[in-house]
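As written, the chains take the letters A, B, C, D and E, and residue 1 is the first residue of each chain.
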Amino acid sequence: MNPEYSVSTAELASLAPEIVLTVGGSLLLLLEAFAPRLRRSFHWLGLAFVAAASWYVATLPAGPSFAGLIEASSLTAAFSQAVLLAAALGLLVAPGYLSRERLLAGEYPALLLWCAAGLLLLVRGVELLTLFVALELLSLCLYGLAGFHRRIASSAEAALKYFLMGAFVSAFLVYGIALVYGETGSTRIEGIAAALARGQGSPGLLLLGFLLLACGFAFKLSLVPFHAWAPDVYQGAPSPVVAFLSVAPKVASVVVLVRLVLLVAESPLGGKWPDLLALLAAASMLVGNLFALVQRDIKRMLAYSGIAHMGYVMIPLAAPGPHSWQPVLVYLVAYVLMNAGAFAIVTMIYGQPGEQHAISSLAGWGYRFPLLAGCLTVCMVSLAGVPPTAGFLGKYFVFLHAIEHGRLGLALIGIATSLIGVAFYLRVVYMLYMKPEVAAPEGFVIDFGGRVGAVIAAGGSLLLGIWPQRFLSWVAASFERL
Amino acid sequence: MDALSLLWWIPALPFLGAAVNGLLVRNGQKGLVTFVGLAAPGASMLLGLTAIWQYATGLAPEPLRQAVYSWTVGEMSIDVAFRLDPLSAVMTFVVTVVGFLIHVYSVGYMGREEGYRRYFSFLNLFMGAMLLLVLGSNFLVMFVGWEGVGLCSYLLIGYYFDQEFPPEAGKKAFVVNRIGDFAFLVGMLALFASFGTLEFGEITERVLAAPEIAKAPYVFGLSLAGFVTLCLFIGAMGKSAQIPLYVWLPDAMAGPTPVSALIHAATMVTAGVYMVVRTNVLYQLAPEISLFVAGIGAATAIFAATIGLAQNDIKKVLAYSTVSQLGYMFLAAGVGAYVAAIFHLATHAFFKALLFLGSGSVIHAMGGEQDMQKMGGLRKHLPLTYPTYLIATLAIAGIPPLAGFFSKDEILAGAFAGHHHLIWGVGILTAGLTACYMFRSVYLTFHGSFRGSHEQEHHLHESPKVMTVPLVLLALGAVTAGWIGIPTGLWEMAGFADHNVLHHFLSPVIATLPGVDTGHHLSHSTELLLMLVSVAVALGGWLVAKRLWGGERGLAADRTFAERLPFVQRLLANKYYVDELYDRVIVRPLAGLARGCWKIVDTLLIDGALHVGAFVTELTGDLGRFSTTGNIRNYALYFFAGVLLLFWWMIF
Amino acid sequence: MSVPISWYLLLAAALFAIGAIGALTRRNGIAIFLSIELMLNAANLTLAAYSRLLGDRAGQMVVFFVLAVAAAEAAVGLALFIGIFRLRRTIDVNRINLLRW
Amino acid sequence: MSTSFLDLLLGDTITRFVFFPTVAGLPLLLMRRAPAATVKIYALVVSLVELALIGLFVVGRWGSTGALLARDAVLPWIDLAPLSVVYEVGLDGISLPLVLLTGLLLPIVLLGSWNGIDKHWGGYAFSMLLLTTGILGALVALDLFVFYVFWEVMLIPMYLIIGIWGAERRIYAAVKFFLFTMAGSLLMLIGILWLGWTYGRLTGVWSFRYEDLLRLELPIDQQLWLFGAFAIAFAIKVPMFPVHTWLPDAHVEAPTGGSVILAGILLKLGTYGFLRFALPLFPHAADRLTPWLLALALVGIVYGALVAWVQVDMKKLVAYSSIAHLGFVMLGIMACDLVAWQGALIQMVNHGLSTGALFLLVGMLYERRHTKKFEDFGGLAKPMPWFATVLVFSTLASVGLPALNGFVGEFMILVGTFKAGWRWFAALSTVGVVLAAIYLLKMLQQTIWGPITREENESVPDLGLREALTLAPLCVLMLWIGVAPKPFLEPSRPALAALLEDYRSRCAEPAPDEPLLAPARVSAGSPTFAAGVVDQEAGR
Amino acid sequence: MELLAFVVFGLAALVSAIVVVAHRSPIHSTLSLVVTLVSTAALFLMLGSPFLAALQVLLYTGAILVLFLFVIMLLNVQRERTGAAARSPFQTWSALIAAFVLAGAVCRLLWDAHGEAVLAPLTEDFVALRNTASLLFRDYLLPFEMVGLLLLVAVVVASWVARRGGADSEEESR
């Protein structure tokens, strides 16, 4: 055997989390084939794999591996953990829904775990090709998950729309990679940075290339004007999937976007990039909140709210620098908790899959589902950014960053739009508690896992708001080297 | 007993009585109510009289100040303190004595009322507040009493709360009083801001020490003294029912008659006069305001007197008479005859209380009827009420040697001496009118033949002892009260030493300012002439009344008058339409403004703007969301276009 | 006679634009997908041309992976078309709009 | 020195009484199946214990002469250098009256809601307790970030109280309340962040501590912007004209207890905010804008009174009267005079007592008759003499009758305002005094006086023992404060005096062109309590 | 020679691409795409990448497009209907404008950047398959492995989604 092609143990070890997830997924698939009776425990097994991956992420030695295609650092570890948190929530909420819909199968946890693996690679990737493949890997998993409810049209439609848009955008992405590669001669972030520093390449083409890359990931983040898919997909896809789909890919994509922005912003091409991000942020906050205001479907409302939240996440990037990471991570973790929590509860208390999840159906259910409604309220309050919740903590850091770096206007837009946000988040709360019940819920499934998921999400949202010190220290430690 | 050191108990006792009756005693315990209700003001009266005696006979004529506790702290440290000086002594005397008598009278008058306990509680409360007002050593305590009596007036006017009108009248009284109070408050603010204190004594001292401060221009071309006195006088206008704030007093007659006697004749309404005299040092420094006071007083006096001529409700007649007499007092204060003002206040307290109680007795006898058109010939049924009422009428008409003569004469003399001849003329005219309408009431009520229904006639009876004894005592006062102020001129003419007790007693509280000329003295002959003129006018008024309404003539004169001069009659009977005027000019526009604020500013403009904002926001969202067409070709186009636009934006 | 390398790039850009037009204008979902394949192909051509320009084979590697990814995507995509066709009897994107607004 | 939060929670501290209601209220959420009486008694006991905790804490420190009565050990909360936020609470003379009022009103509110709240009593009580924590926290916060958090914590429970237990248009009112308040407070958040950042820029370490931020000397334009941000937040809460329209709706729709807390305390946080934060932090801006704010206060007084006059709903009348009364408080605060400030502070308490009592009374009437419209009442004094008595008493206190509490505040405010040179504002605002009599007596007129026009009113039961117990403490205090306000004025005087002196001295110097950091203030002048506190910390 | 080849294959690619986009029948579009792809394969060859050219023909034309054809026929997709309702001129014109703008901008930039530069002839080293393989299995080992997983995912997803989800799956999960 030619030693040239061998893989060192160290390199394999550096891939431990992804390997655990991949192997775990495959194992579950095999169990599905050979021991379908164990289906009910698949998700718990999946959780174990996620936990193992999380442990490996935490213990991963820092540094590049695989010829510098990926790297590990405390930063990637932090975002990876956020991804894994989302994956865990996605696993916890699903079985109830799936078994009610008679979809319980090993494919679901397998796809979720693989998707998580792809996401981790996306977080860690520092080379465009790796990023692209990781993105496609996770996207394919997500297409499958979005269409997981294969018997209903809305799920299929959501998957198809997501897929077609995703494919369309990946064509742009590849073209962007081509341009950047062609003009800089490298696909590695470092190489590109070096080339940019040298002033190599045509600025116009580079600009276009980076713009295409940025737009590709902005599409994943559902930033305006690349947002339009999100409401349709969230609404149509199975709710437990959305709990995962609406948060995890965003965490990972943000990492890539921040890397790209930092790469470009520090280069001679930098110029208008911060303004570009400010523009995207403002547009997302405005459009997201405005459109969410008029939604009557809770999933769609949360989708638009997600668009808006990604706008808030972008605020720190309007003044990019290594300091941008911290508010972004804080906001994202808060977002993972509250948004996944909201979708988790939607999963449980709405009895019908499909496109209808009217907010008005919630009327009076606050007293029927005291625990879940309480958790949903906490999530809504958190999404609205009212202290003492994680959502407020996130907004605090984001606005602080804006003020610190002279983006007061953006902060003011953020305020104005979050005021609109308050209006529609509160609508959920008043439906729950202040309206008489109009229709008894039917077909709802409240299983242990889902309840745990909801409590984790809501409790986490509260805890992060009330006592954020431990979390923030961890965040700070993650960015120590920057 | 050292009554002086117990000064604060004088107002405290009635308060205590009010509290006990109000909170502890139960409705059924009538005897207990009576006991507490009488004991409190009675004890207060005894204490007050003793204190006055001890003060008056004391060696040092220095005002006595007793601080009970400090009300507030810091820069604005104001004590709850009481002050006994000649002025407050006179007032205390009047208030406690007349008050106590009316309390006693009430036992009989209100005996069968359901709210007996409530009544006594309120009446005691009133006594306490009134004593607070007169004994207070600073403006703040005075103001507490000032508003306190207003409150009691409100509560007692509205005593018959289950009827439509009395509570309305009470409200009117309170509100109109408040209008005055607000000016009072502003005056106090100005005083405090300028002098840093609200103590009467300190303010007087400082003004005397440096009058130029008070004379310095303040606002609107007024001096500080001018501004303050104007404000205070507006306060007095409200409380003492002067034009244009008199409108509440006639309505206040809706309360029980003893209340009218005590509050709306003898004590509370005179508080304004008391205050003006109390602050005479400032008024002396503001001659223009003093003149204004005199003018308002004179105008009120004659204005109310003309209305009184045309009223048929016995209490309304007395009410307008009160307004008119209060005008007199202000006239006196305005022309600088402060002692005369207090003198008239005191005598008026007796005879007006007596008149009201007498009318109460009449009403009691008539079973609640107040319309003089239904009365007549009552003198034979009411053997005690009639003479006392007559004495009071003679007193108010200014027939010597009854109380009213001396006080009224002194006022007119004061006006004449101050060369305010026009005012004097108005005063003398009013005196004639007073005699005329008061005797009208006497004739219509007691003379002629009975005009009421048979049941009423059957029911007629003299009131019980508990009511008539106070009448007699008050009549005694109405006869003799004037003798404490027999004019200096008369004494001297008769060859005696000056025994004008009141003048001597009150002289310490009337400030003598170096630059202010108060020394108008009339020659004895002029004084005598004036007296004769006023007596003649009073007698003339009486004679006119006798000619018009005396004997069996009854209401014929009124009917003739109404036929001949319907317009004037209507004008007078409807009190010059002043209430209607206020309603049209002030109340309704204000209510319209308020409604406008509510419906237009609040609902339409502010909320409307918010709703429009919300609507526009929602509309934007609602229109905008149709961009999410559900067709991914559009989404792809957004992406493509977005990329291109951003690229375009980036390269330019 | 040699062809300037930019011609390849220009050709690729033209193909990309044509593909984009197709993706935006076709109503048949599969046709849209075909257009997207065309765009990917154009991107691949660009990569290959740049690879040649740079004398660096990394570009070719990218093309290789894009091809592989395209294959996987095609499998998933076509399965999704089958799935939706089974439920809706159409693959006309104008009519796949249950989810909107 | 490493005190933990738990130590604070368990010790004899401010923190304990701030968080006790919420912590002790948590079991209420689990008592879903418990009998209603158990829930009610539990909640009442919690509230009484809370009152005792506050009382004991305050009594123990009453003699303290410094501006600050007590301060808890400072704990790091968000310690992420250089972004640090500390948890810092302290009690001084300014917050003391309001803290006591809160403690007093809590059991009263629960007792007053005994029968009026007919569903989810446990949730209601928990909301109240959580609200109390928010209020107390905001009152004692000595760190602007902490203040903001508590400030917002108040919103949700109040939103729920209005929205769940309110009347027909409750949702509209609740949302309006929430959005209005949130709009202001978000601006304030930006202001707070800006301050913290400026401090950080000057020192290298961020801080939101009140003491630290007081050292900032900002250029006038920045001050104006920041003052604007704070002032809008507070003005909405007060509420001042023209951002007051949420209040009538909120009051009318809220349940009795909600109205009492809202009027009694929540509104005061606006005026408290002006006094505590907006003025001392931005003296020059405040100074420059004083005439405008005074004018708005004046407009509020007259406008609130006028609109109150023409209301047909009893509760709405009281609500608008709150606008007028709070206008007086604002007048006093903006007059920047010690007497006026003392008056404003005591007036906050007064308004809480008298308006609280009025709302309770309206609520009691509503429980009996299920209407609040004047046209449905009249002549109630006959069947309900005690009710009438208390109503008259509270109304008179509200009118500002001397010897009752309302007068003390109004008088001191007017004196202070006049003395400070704002003669016209003081003089014109007395119009409000007149109008108060007009509209409040109108209320009496149309409810308790006059003949009984409706059959239903003939046999309305009078106050019960529980209701009497609810109202008695309020009435006693109304009279007490009116007759002898000195003990209520004294504790706050040093703090106010120090604040005022600091404010004046800062106003006297021109604003700098660039943000500057003044040296830390020593005990003199600053309300930063350098003197009175230290032993507390040292003791640990 | 190269010019001629470029013109032939380039034109073929362009024309067939237009057909792909413009033809209403999906089957014709697919077949046209085959032409485009094969032409592109030829261009790959000219660009010194026989490996890619082979892969293009085998994988793309041989596998993917056959799959397309198969599915199109399976679903029996008809020509796109025409008619007023189906037309969306705004979309069409926007697409055209956007595409032309993009193409124009990119062409302009490319021309400015690279112009008429002609490269040195291909080297053996560049074309050698061995070097390509070493790159693939050494430097790009990770993506290679990822693609393996990707294909597995594709299989799983495709089989899950395309499997009939009716009563039988209900049976399954019982």
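List of remarks:
In this text, a residue touches a chain if its C-beta (ideal position, glycine included) is under 8 Å from a C-beta of that chain, and two chains touch if they have at least 3 such contacts.
Quick caveat, the model's predicted, so the values are computed rather than measured.
Any chain touching chain D that also touches chain E appears here: A, B.
Between A-C and C-E, more C-beta contact pairs join the chains of C-E. Using the mean of the Cα atoms as each chain's centre, the chain most removed from chain D is E.
Relative to chain C, the chain whose mean Cα position lies farthest away is B.
Computed centre separation for the pair chain A/chain E is 30 angstrom, with centres defined by C-alpha atoms.
Inter-chain centre distance (chain B to chain D, centres taken as mean C-alpha positions): 39 Å. As a whole-number value, the distance joining the C-alpha centres of chain B and chain E reads 103 Å. We define each chain's centre as the mean of its Cα atoms; on that basis chain A and chain D are separated by 42 Å. Counting partner chains per residue, chain A has residues 129, 133, 136, 140, 143-144, 147, 150-151, 156, 159, 161, 164, 168, 172, 204, 208, 231-232, 423 touching two or more of them.
Chain D has no residue in contact with two or more other chains. Shown for chain B are the residues that touch two or more other chains, namely 625, 628, 630, 632-634, 636-637, 640-641, 647. Here the chains touching each other pair up as A-B, A-C, A-D, A-E, B-C, B-D, B-E, C-E.
Residues 1-11, 13-22, 24-28, 30-31, 33-35, 37-38, 41, 44-45, 48-49, 51-53, 55, 57-58, 60-61, 63-65, 67-76, 78-83, 85-86, 91-92, 94 of chain C are the ones touching chain E in the complex.
Chain contact summary for the complex, chain A toward chain E: residues 4-5, 7, 15, 22, 26, 29, 36, 39, 66-67, 69-70, 99, 102-105, 107, 110-111, 114, 117-118, 121, 129-130, 133-134, 136-137, 140-141, 143-144, 147-148, 150-151, 156, 159, 183, 201-202, 204-205, 208. On the side of chain E, the complex with chain C involves touching residues 1-3, 6, 10, 13-14, 17-18, 20-22, 26, 29-30, 33, 36-37, 40, 43-44, 46-49, 51-52, 55-56, 59-60, 63-64, 67-68, 71-72, 74-75, 77, 80, 86, 88, 91-92, 94-96, 98-100, 102-103, 106-107, 110-111, 113-119, 121-123, 126, 131-132, 135-136, 139-140, 143-144, 147, 150-151, 153-155, 157-159, 161-162, 164.
Of all the residues in chain C, the ones that touch chain A in their complex are 9, 16, 19, 23, 29, 32-33, 36, 39-40, 42-44, 46-47, 49-50, 53-54, 56, 58-59, 61-62, 65-66, 69, 72-73, 76-77, 80-81, 83-84, 87-88, 93, 96-101.
By the touch criterion given at the top, residues 367, 370, 374, 381, 386-388, 392, 396, 399-400, 403-404, 408, 411-412, 415, 418-419, 422-423, 426, 429-430, 433-435, 468-469, 472-473, 475-476 of chain A touch chain D in their complex.
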